[in-house]
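There are structures below to look over.
Across the two complexes that follow, subunit A remains constant while its partner is subunit B and subsequently subunit C.
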Partner chain A sequence: MAATTILKLDGLSKNFGAFQALRNICLEIIEGEFLTIVGPSGSGKTTLIRLLVGMDQPTEGEIRLRGTRIESTPANKRPTCMVFQSLALFPHRTVGQNIEFPLKIRGEPPARRKERACELLELLRLPLEYYGKRIAQCSGGEQQRVALARALAFDPEILFFDEPLSALDYRLRKALEKELKDLHERTGKTFVYITHSLEEAMVMSDRIAIMNAGRFEQIATADQIYARPVSKFVAEFMGEVNLFDISGTDRRGIGSGSLGSKDNLDLGLAGDEVGTLMVRPEFVRRVEGKGSSDFWVRGQLRAEYLLGSRLHYEFDCDDGTTLTVEKLREDRFRCAPGDEFLLGWDLANSHVIRSRG
Partner chain B sequence: MGASRSTKLALYAYAALVVAFLYLPLVSVGFASISRARYLTFPIKKYATKWYGSAFASETVMDLLVVSLRIALIVAAVSMTVGFFGALAFARYNWRYRSLFQKVILLPIFFPQAVLGLALLIWFNALGVIPDWKTAVVAHLVWIAPIATLIIAIRAYSFDPALEEAASDMGASTWQILREITIPLLMPGIISAGLFAFLLSWGNFPLSLFTTGADSTLPEWLYAKVVSGYTPLVPTVGVLTVAGSLLLIGIAFAVFHVFKFASSRSA
Partner chain C sequence: MDKANQRFGFLCSLPILVVLGLGFLAPLAVVALYSTMPERVFSLANFPTFEAFRTLVEQSYYKSLLWSLGMAVVATCMLFLLCWPLAYAMAKVFRSFALAITILVVMSLFVSENIRLFGWSLTLMKGGLLEGHARAWFGIGFEGLLYNVPIIVFGLVYVYLPFMLFPLAQGIAMIPDDARQAATDLGASRWQLLIEIDLPLAAPGIAVGSLLTFVLAAGALAESKLLGGQAVIVIADEIETAFTYSQNWPLGSALSVVLIVIIGCLVTYGLARVDLDSIIGRNR
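And then the complex of A and B:
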C-alpha cells in the first residue's frame, strides 16, 4: 500500500503575545498510521493539537487535509474529531445519547442512530445494557470507551487524542493502551495521539514525534528514536542514557579524559567536529581488560537498585561523572558498593549524536 | 469526636429557639387572619375564616394579586434570560472587559433599595415616563437581574468548557451547542435564578413603593393599610402572599425532582 499523506503541516507557528508556543512545525501524517506526539509539559503539544482540530488558528503556516487548506476552518466544519483529556462526556445525557450525539447533530433518524450506537458499544466491548446508563454510573475505563465510541460515531478522517489515559491508574492505563492499539488496527483510521508519557507512545505508535520548546526534535519509529536519537534532548527523554562529549580527534571525552577507546574506530566525526557518544545502560558490561571492548571506563559502584526484572547500577567514574548500567536479573553483578570495575561496550551498540550548528 | 449528651441537648434547644424566633411571627399573622375581631388583638378570642372569603371576593385584593403576579412573572422571565447570557459573559468567556463587567453588574445589589428606588423615580421623571407597574418591572430588574446573573454564574463556573468544545468538534453549530449542552447544563441554575427573581420581586417593597406610580403591589398595600386604615384583610392578604411563595417553591421542587439534573460531572 502506497503511503498517502492525509494531513500536512507546513511552517506552522503560534504566538501568544510575545511567547512563541510553536515554531515552524512541519509534519506529514500518513493515512492509517498511529502517530504519537510526545513532549514534556510546556513543549507546545496541547497548542499543536488545538490547531489540528480547529479550536485555535495558527499565527502562521498551513494545514492541509488531503491537499485542501483547513487552517482557518473552525472545528465544527472539520471532518476530524478529538478525544479530550477530560473525555468531555455530557453528564446530562446517557451513554447512548452521548454516542449518538454526532449523529443527532448530522440529523440522522433515531432508529439509525441507535443501531450505530449499539454497533459501537459492541466494538468497544461494552455490554448493550450500558446504552441507557448514566455517565456517572460508568467507571473510568468504561467512560474512556464511551468517549472513544462517541468519537468513532462521528466517523472522523483523523482521530485525535489529548492524553485521555493520563487520569487512570497504572494497570487500567496499560490495558487501555493495548486496546487502543488494537482498535487502531481494527478500524484502520488515522490516530494522532499526544502524551507526555513515553511508555504510552512506545507501546502504541507506528511513529513518534518528539516535541521540545515548540519544535519537533525528531520524528521516527520508537526503535529509531531509542537507538538513534538526533539530539541529547531526545536521548535523555527516551529513558536512561550515558552521554560523553567527544570530537573527531579526541575520543577520550572532552575535558574529562575518563573514556578509553580503541584507536581505529570510525565515529563519523571529521577532525575537530564535536559530538556526543551515547550508550544505553543495558549495553554496558563488565570487561576483563582495556581493549576487550571498543570503549571502556573505570568506575566504582555507588548503588544498586532493584527494578523488578532488571537491576540498575550507578557507578562513579574517575572524573566524577556517573555511569548507569542495567542488567537482567540473571546477569546480576556479584559485587558490593565500593567495588572497582572496568566497564565496556562496543561501537555497534553506541550512537554518535552530532552537535548542530 | 462526639459531643456529650448535655452539649447536644443545649444545641437542639438553641436551634429550636432560633426556629421559633424566626417563624412564630409568621404563624401569628396566620392566626390573626382567622380572628373574627376587626382589630389586631392578642390573644385571639374567636376564630373565623370569613376574611378569606372577603379577600377572594374583594376586587382590590384581586387587582393587587394580578399586579404583583404580573410584575414578578415578567421579572423572573427576563432575569432568567438576561442572567443566562450575563452568566456566560461573567463566568464562561474570557474577554477584555470581563473584570470590569463583573464589578459593574454587581453594583446595584449593594445600593440600598430605597436609594435605588428614589434614583430610578427621578430618572423616570427626567425621561418623562409616567410610573406604573411597567416602570416597577424595570426597577425590580435593575436590582434582581444581577442576582440572577450571579446565581447562574456559579453554575457556569462549575462547568467544563471542554464540553462545548467537544460538541463543536463533533460538528455542532453555536445554536446546537446552546440547545444541547449549555442550556441543559445550566438549567438548574436558571431555574434557581428564576425562583429567586420571582420571590424577590413578589415580596419587594422599597423599589415598588417608589416606582409603581398609581398601581399598587401586595406588599405596598399591606404597608399602606397598616399605616392608615387597618382592615382585617391585612393578615389574610399577608398569609395569601406567603402561600403564593410557598406554592411556587413547591412547584420548583417538583420540577427539580422530575428532571433530576445530574449534578455530578463525569470524572
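And then the complex of A and C:
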C-alpha cells in the first residue's frame, strides 16, 4: 500500500463543559484504507465522527485533509460525507431523488443525475425499477443500500459510517458487512467506520482503532490487536481472555500463586516489573502433567456452554478465579461438571502486557 | 367483536352527530335554500328564482368578496413569513422556551378579540396613544393611522397569529433532525436546506396553518369595522348588512353560499393533499 495520509488528526480534544469527551486524539488515516473505530458506548467515538464530518468543532487540535486544515470548515463545505446510524434518508423523496440529492445540490443537469443514479443502483445491486420507488416501500437492507448510494453519489474523499448496520437483524448485518468490504475494494475509497461491535470491525477493516474514555488505546490490524493487545482493556474488549498478574520475579500469579510455569521462560519482564500474562481461551488445552506445557493451572469444571461451532468452558481455579477455555466441537472435552483438570498452554500462544506508568 | 366495536363507536359519536346535524348542517341547508328565494321574502315557501345571485353580480358585491379574499391571502402570506422563524425556534432551537412562548401567545387569546382591537384603535387613532404622544412631546402631529387597508391586514395578522404559529411549529417539529444533518453533510447550503428539506417536510403544518388563517381571515368582520372604518367593505360586513339593515335574507344567504363554496373548495383541496394523521402523530 502506498501509504499516503489522507486525514491527519493532531491533538484533537473536545470538552462539553467540564467533561472531556475526547483527549488529545492523534491519528493518521491512510488513503484507501478501511479503518474502524471501535469502543464501548460513551467512549467518545460518536463525538469524534461528528468532528470529522464537521457537525461539531473541536475544543483544541487540528484536522488536516491532505495537508489542509479543515477543523472549522462547516459540514456542507467538506469533501467528506457520512452514512448515518438512522440512514437519514429523505422520506419525501423517491429512491432516485435521494441518490441524486448531492448532484442536485451541486447543480448537475437532470439527465446526468439520472445516469449516475442508475450506475449507483447497479453498483449496489438494486434493480433499476427502484429509481421511482418511495423510501417507505424499501426494506431495511434496501434502505441501507440507498443510503450508501446517496453517499457515493456525493463522491466523497472519505466516507464515514456511524454504525449504520446496528439496527438490522443478524443475518442481514452479516451479509451487508461482507458487501461493504466488497464495495470498499471496488470503489477504492477511504472508509472510516464507527461501531461498538468488534465482530463487525474484524470482518471488514484493514486497521482497527480501539477507543476508550476519549482516547485511543491501540491502533493496529485486527490480528495484532487480537494477539498482542497493549492493555488489559483492549485484551478484554477483544473477546474472551484469561489474564494473570505477574512480575519479573513472581511468575506464579501475584496474590494467587495458582499459575505454574517452566523456569527458563523469557517473559520480557525485568526484575520487579509488573505485567499481565494473557492467553486466549482457544489456546488452553488439557495436559497430562506439569511440565508438558509452558504454563499450567489446576481447575475444576463449573459449566459447559454450547456456542454452535464451538464449546465454551468455565473452570474454577484453586484461588477462586475463573479460567475460560474454548474448543472446537470435534475437540470437545469428555467431562462432567466437578471434574478436575490440569490445563496448560505455551508461551508462543500467550502475550505479556506490560503495565504502563 | 368488530361489529360490537363499530356499534360502540357509533353510539359514542351519536351526541356530536346530533349537535352537528342540528346546529351546523340544518342552518347551512336553510341558508342554501334561502339563497334561491326571490329577494326580500321571509319564507321558504316561494318558487326559487336565484334572483339574489344576479343582484350579487350586478351590484358589485363581488368586489367585497375579492377584498376579503385578497386581504386574507396577504395576511396569510405575511403570517407565514412572520411565524416561520418563531415556529422554527420553538420547535428546533429553544425547545425549553417553547412552553413559555406558547403560554405568552395563548394568553393573548384570554382577552376577547374585539377588546384587543379597540386597544389598537385607541393606540393608533388621531389623538390616540401614538399620535397624541408624538404631538405632546415633539410637536409633530399626523393623521391617525386607522381607516385604511394596510391597517386591516395588520389587524388580521395580529388576531390570527396563534392559528398560524402552532400548526407551523408542529409541522417543523416533524422534520427529522438527521435528514437536515444529512442534507448539510451532502453539501446543501442553508437556503438549499430550506427549499429541499424544511419546506417539503413541514408542508402538513404549513397547509393546516395557512388554511386556518385564510378561512378565518376571509370571514373576518371586526378588523375591518374597528380598524378599517369604511375604507373597504368586507364580505362578512355585506352579509351582516343584508340580514339586518336591508332585511334581504336571500341576498345575505346568496353571499354566504358563495363564500362557503369558495372556502369549502379550497379547504377540501388543501386537506386532500395533506396527511392529517401525520400531524396528529399517527401513521409515522
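As a working rule, the second predicted complex is superposed on the first by the 356 of 357 C-alpha atoms of A that agree within 3 Å, B and C clash if a C-alpha of one lies under 4 Å from a C-alpha of the other, contacts with A are read in each partner's own complex, and residues count from 1 in each chain.
Everything below uses one rule, namely that contacts are C-beta pairs under 8 Å (C-beta built on N, C-alpha and C of every residue); 3 or more make two chains touch, one makes a residue touch a chain.
Quick caveat: nothing in here was measured; it's all calculated off a predicted structure.
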item	value
Simultaneous placement of subunit C and subunit B on subunit A, clash or fit	clash
Residue contacts on subunit A - larger count, subunit B or subunit C	B
Which superposed partner A:Val53 touches (first subunit B, second subunit C, both, neither)	both
Partner chain in contact with A:Ser41 - subunit B first, subunit C second, else both or neither	neither
Which superposed partner A:Asn264 touches (first subunit B, second subunit C, both, neither)	neither
Which superposed partner A:Phe101 touches (first subunit B, second subunit C, both, neither)	both
First, second, both or neither for A:Ile135, with subunit B first and subunit C second	first
On subunit A, the residue positions that both subunit B and subunit C contact, one per complex	53-55, 74-77, 81-82, 84, 86, 88-92, 101-102, 104-106, 150-151, 154
Subunit B partner contacts - residues on subunit A that touch it in the complex	53-55, 74-78, 80-82, 84-92, 101-102, 104-106, 134-136, 138, 143, 150-151, 154, 167
Contact footprint of subunit A on subunit C as seen in their complex	176, 178-179, 181-189, 192, 196-197, 200-201, 203
Interfacial residue positions of subunit A with respect to subunit C in the complex	53-55, 74-77, 81-82, 84, 86, 88-92, 101-102, 104-106, 150-151, 154
Subunit B residues within the subunit A interface of the complex	160, 162-163, 165-173, 176, 180-181, 184-185, 261-262, 264-267
